[in-house]
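Both complexes shown next keep chain A, but they swap its partner, so chain B is in the first and chain C is in the second.
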Partner chain A sequence: MSSHANAEPLLDVRGLHTVFHTRAGAVPVVDGVSLRLGRGRVLGLVGESGSGKSVTGFSLMGLVDPPGEVVAGQVLFNGQDLLQLPEAQRRALRGNRMAMVFQDPMATLNPVLRIATQMTEALHAHQRLGRAQALARCADALAALGIASPQQRLQAYPHQLSGGMRQRVAIAIALLNQPDLVIADEPTTALDVTIQAQILSEMQALVRERGTALIWISHDLSVVAGLADEIAVMYAGRIVEQGPVDEVLDHPQHPYTQGLIASLPSANRRGSRLRQIPGLAHSGPDRPTGCAFAPRCSRAGAACSHLPAATPPRPLVPLHQVSCHHPGPATTQPQPQAATA
Partner chain B sequence: MSAARPVDSAGTAAPERTGSAADSAPPPLLALQAVSHHFGQGPAPGWLDRRLQRAGWQTPSAVTQALDGVDLAVHPREVVGLVGESGCGKSTLGRIAAQLLAPSAGQVLFNGRPTASLDADQRLQARLAVQMVFQDPQASLNPRLRVAQAVGEAARVHGLVDAAALDDHVCAQLARTGLDPALRHRYPHQFSGGQRQRVVIARALAVHPALLVCDEAVAALDVSIQAQILNLFMDLRAQLGLALLFISHDLGVVEHLCDRVVVMYLGRVVESAPVDALFAGARHPYTQALLAEVPRIATRRTRFRPLQGEVPSPLSPPSGCHFHPRCPRATALCRQAVPTLTGTATGHAVACHHPDSP
Partner chain C sequence: MNPTARPPRPALPPEPPLWWQRAQDYARSRVALAALALLGLIAAAAVLAPWITPQNPYDLMQLDVMDARLPPGAASSDGAHTYWLGTDGQGRDLYSAIVYGLRISLAVGVGSAVVAAVVGTLVGLLAAYAGGRVDALLMRLVDLLLSLPTLLLALMILAWFGKGITNVILTLVLLEWAYCARTARGQALAEMQRDYVSAARGLGLSATRIALGHVLPNCLPPLMVIAALQVARAITLEATLSFLGLGVPVTEPSLGLLIANGYQYLLSQAYWISVFPGLALLLTLMAINLVGDQLRDVLNPRLQR
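Moving on to the complex of A and B:
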């Protein structure tokens, strides 16, 4: 359970800052994100659109293109700071030791190349391998994701496959070199529930078998609940709450996490009005200096004009970290009221 | 059918046309009877085409059976959920309900009268009474029209308001959907995704519909925005007595909002039941599998046990019951005979040769 407490985590992100340079100035998109992830663990990174969760994934992979720029922080991967590495060495890691799966599989797949060409390319980029051997590895990878008759699928073009099948191919490519870390950016959001469940089950099995660490980026807390060991909730570029999945979901301490959970239809009585978080998510360059959630928060006070530090709000659960000046359990079940903390 | 839900708010703005015969059993607001729809069915091949096809130089055009004998009724003030995987025909059914598509077979009844028998003016009224809200508000709004123009255009064209009252009408619709009327001279790109969906709903409301067909109307929205839009739908139903045909793949949303749920698989209805009955005791194996796969926040580190296989292509659907290749209970009977939709007195109907006893 607590392999998290081991001396050396696989991934240790400290104070990551990514900005996008616009005409209105540098917009901070990832604003001091710190994460730790052990081998074989699954981290659910949850947030709404614009919260910076995808850019966090891109920053870890080194895929932020101008006008975006990673301006500060450390990304320690196996103890090595990726941000200090020359581009050639990062490239050798990418697709080999760390890989990424995107929401739209057609963003990964080239429409005019056969699946076999695209898969063997990922193998040949990182090791010397005969063609027959490479094809056999690819067929195995497809079969491991539950694709029937993988030999025939290898000869197909992407448009000949269904959406769920394409996403499996994209995942198979990411897993080909048996990476230590996979970052999956909403890979099942565009898929049907039955296909989503199939892919979740296959990912889950592979992660367990191979000890691959997985960062699952999603806007849907309920998908993450079934898959993740740990959860990090992002709001406006910062992680507001993180910790073991049971702690975060059963005892959420940050008002934003509580609002997200309360707005799920399954958390409400059938037919009743859903509880909603008032206001709109902040976007744009002129972000408040303190807690970005304060304008929408029922507990906001004078202290919230300063940035809250991440602290464990409950002494017995040190891994559960909350960035809030007024952490505490959700106020009573009906409509949110003023703070008690 | 939907008497279980307390929806009787007093100040009900009546829909612009009340049922023609308001005696003991009022007809459903909208009813589809044995509706089928094919895509890609051209005219019958002529002698040249037949010869070319026989020689193997031309393949007959592929016909997609999108809908196959579907019955559906939406009563006034009722919220009906239509659930199914992509490709099952639920959007086609929504378009037929909104009279944007004419069915290949079967008929659409509005207030108990077939739309085909209506004269042009009545048909226009029937069309106005059913409005549609699509998944992507960005795609359904003209980027070059200000919001006031988009919302007011249809009401003006159909003579529901005169030019002098148009601005007030637009403001009223925007206020009703929770938008500040002062923003009406902005363009769609100046709004957030949730606000744009409100604009689209305001545009639909501007012609006083009795039924909204919502095709995945909250699928593209974040969870917290989704909650706001679902609340808006519930308010509209209480205030205006709107009926909703709510097309969605998200069973959690459907469970929350709907009175009755219709589950489709590959162009056919496989199960139809009041929402409590369906979520308490689904009888069709497909519905059971769908319900088992709804991600819930209470399920942690589960072992996912998914339904195997994918939806077959509607170009060549399986014989008999369309679901038999994926069904754990399939027998020889399922491969041959199409199960009929048979219901109980409680309105729980299922099309399966081997349903679970309720």
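Moving on to the complex of A and C:
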């Protein structure tokens, strides 16, 4: 066993189930997610829209609103099951030991409050601090994210800042209380590529330096490849494959992961048609009983439609888990373009 | 010194504060600006009444019955001063009476609108936050209040509890808070869906703090407009109630009561007793409504440049 796996993890999620209650019944959105994350580690949680990756993040933070509900599972954070904690204690952890960065930097800052107000508030919610002291901490936090003249920015309103600047502010707020865990829900998706790269590298440096664990929710495999230590691939509310990022991306065992990687545009295949995964991602209440990916999967067999997919760890890479009845390396690389959707 | 260090960027000129930008937006309409000036003048006159009027119309000792129903511009019987707007049936200087009457009308209007706005906003926020049965109960109460004819209800309440300035204000608050409550609830429900509320919760802020510190400030613009227009509504209602004899006491006439007093002389050539207070009321209401309308335009995020 490698060293970081047997120590008590910072976060140990077991069988997390989150449903959304609709007229048609309870729709499972997170369907038995299990994750482990060591201190200071970076986990990339990838999946396409609607795969439940954001709801997983919200469930961990305890921010799922009705009609959504976390119905089962354990979220052990520093050995403590968050789902058993009373709301007041969860609130004391939120923004303090665990924090979240949201997707849309235009919407996550309150438009009518100055940056200074919104930042000091995050500090005052969890500790006693003088106003001058709090402002100094906020200015430092902004400077750490590469914001020029932080004193001036503190007095600004959100609409006076650019999108990239706002997301830096949001990240600075999340990091203010030096949390153990930051959950970042596609924080760079709404930004253009150059800003995205800057923010990624700044954030990476900050979490490394402070030993903050990070869950980076994204649909962008290339971002996760450069940032994360570990990766978890979600499909229809379940994690279909997880493991060390290089291992999973270089030797994907699940056909869905393989499909995702194959669908990335690449310079080597310039001009050729991009590969796509046939069919549509499953959504709605009438989920197949077995593997949710089976209807789109070329390897699907009789086993897939009956049983929920098993999770046999691969013998050579014990941390690499795949939930599939037919795991294995991608079969044919130059698959002929048969659009049989 | 690090040779690669860039020279520091010159500091940006500070952007004018938000309220100044709004003030400039407001000033774009000359009519609205004039209305605001007029309103300021009216308010100043009301506040400074004792210093800018020749007599205290509420002090019966200063009234001379011999001067009753003098036309505008007539001199007083002792020759001490001129009644520029004439006198009423008790020999009251109408100019003084109007300025003092404005005082009462504005106090009743502003007082009841402010209290109604505060109460209504808090009730609306509570309904939005509590949801479920609390929300349903409060909103049915609001529906009930809004469905009843305001004037009739006010007359019943005042007939029961007796007249007087405090009772009039309380009655108006009771009848007006529902408007703000409904708007505040709707606004708060919309704001609560926005990401900054989730973000604030993600920071571990308490629900009360988020409601008052984050959601409320975002709900304020429409509520301010409603409050401004309710000042006008309250003044109208008070004038109506006073006209009907259920408002303020006869010894301290508001504009509505002055109009009522002059009503009986209207056909006997003493038009000024009703007409001048009526004009004052009209100008005040017009100014408030114009200011309120412009506020709505300035504060409406959908119309913003």
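In this text, the second predicted complex is superposed on the first by the 321 of 341 C-alpha atoms of A that agree within 3 Å, B and C clash if a C-alpha of one lies under 4 Å from a C-alpha of the other, contacts with A are read in each partner's own complex, and residues count from 1 in each chain.
Everything that follows uses one rule, which is that a residue touches a chain if its C-beta (ideal position, glycine included) is under 8 Å from a C-beta of that chain, and two chains touch if they have at least 3 such contacts.
Since the model is a prediction, treat every value here as computed from it, not as a measurement.
> Quick one: on chain A, after the overlay, do chain B and chain C clash, or do they fit? Just give me the call.
Aligned through their shared chain, the two binders fit side by side on chain A.
> Counting only touches as set out at the top, which of chain B and chain C does A:L35 meet: first, second, both, neither?
Once the two structures are laid over each other on A, A:L35 reaches no partner at all.
> Contact-wise, after the overlay, does A:G226 reach chain B, chain C, both or neither (first, second, both, neither)?
first
> By residue count, which of the two partners contacts chain A more extensively, chain B or chain C?
B
> Quick check for you: in the superposed arrangement, does A:L43 touch first (chain B), second (chain C), both or neither?
Touch partners of A:L43: none, neither chain B nor chain C.
> Going by the contact rule set out at the top, does A:I147 touch chain B (first), chain C (second), both, or neither?
A:I147 contacts neither chain B nor chain C.
> What is the C-alpha-centre angle with chain A at the apex and chain B, chain C at the ends, nearest 10 degrees?
80
> Does the superposition put A:I215 against chain B (first), chain C (second), both, or neither?
In the superposition, A:I215 contacts neither chain B nor chain C.
> Using only CA atoms and the superposition described at the top, report the least gap between chain B and chain C in Å.
9 Å.
> Need the overlap of the two footprints on chain A, from chain B and from chain C, as residue ranges.
On chain A, no residue contacts both chain B in one structure and chain C in the other.
> Show me the residue ranges of chain A that touch chain C in the complex, using the header's touch definition.
Interface residues on the chain A side: 61, 63, 91-96, 99-100, 102, 104, 107-113, 121-122, 125-126, 148-149, 152, 155-157, 160, 170, 173-174.
> Enumerate the contact residues on chain B facing chain A in the complex.
It comes out as residues 5, 85-86, 192-194, 222-228, 230-231, 234-235, 249-253, 255-257, 275-276, 289-290, 293-308, 310-311.
> Please name which positions on chain C make contact with chain A in the complex.
Interface residues on chain C, with respect to chain A: 9, 11-12, 14-15, 18, 194-196, 198-206, 209, 213-214, 217-218, 220.
> Could you please specify the touching residues of chain A with respect to chain B in the complex?
Of all residues in chain A, those touching chain B are 48-49, 162-165, 192-198, 200-201, 204, 219-223, 225-227, 229, 245-246, 249, 259-261, 263-268, 270-271, 273-277, 280.
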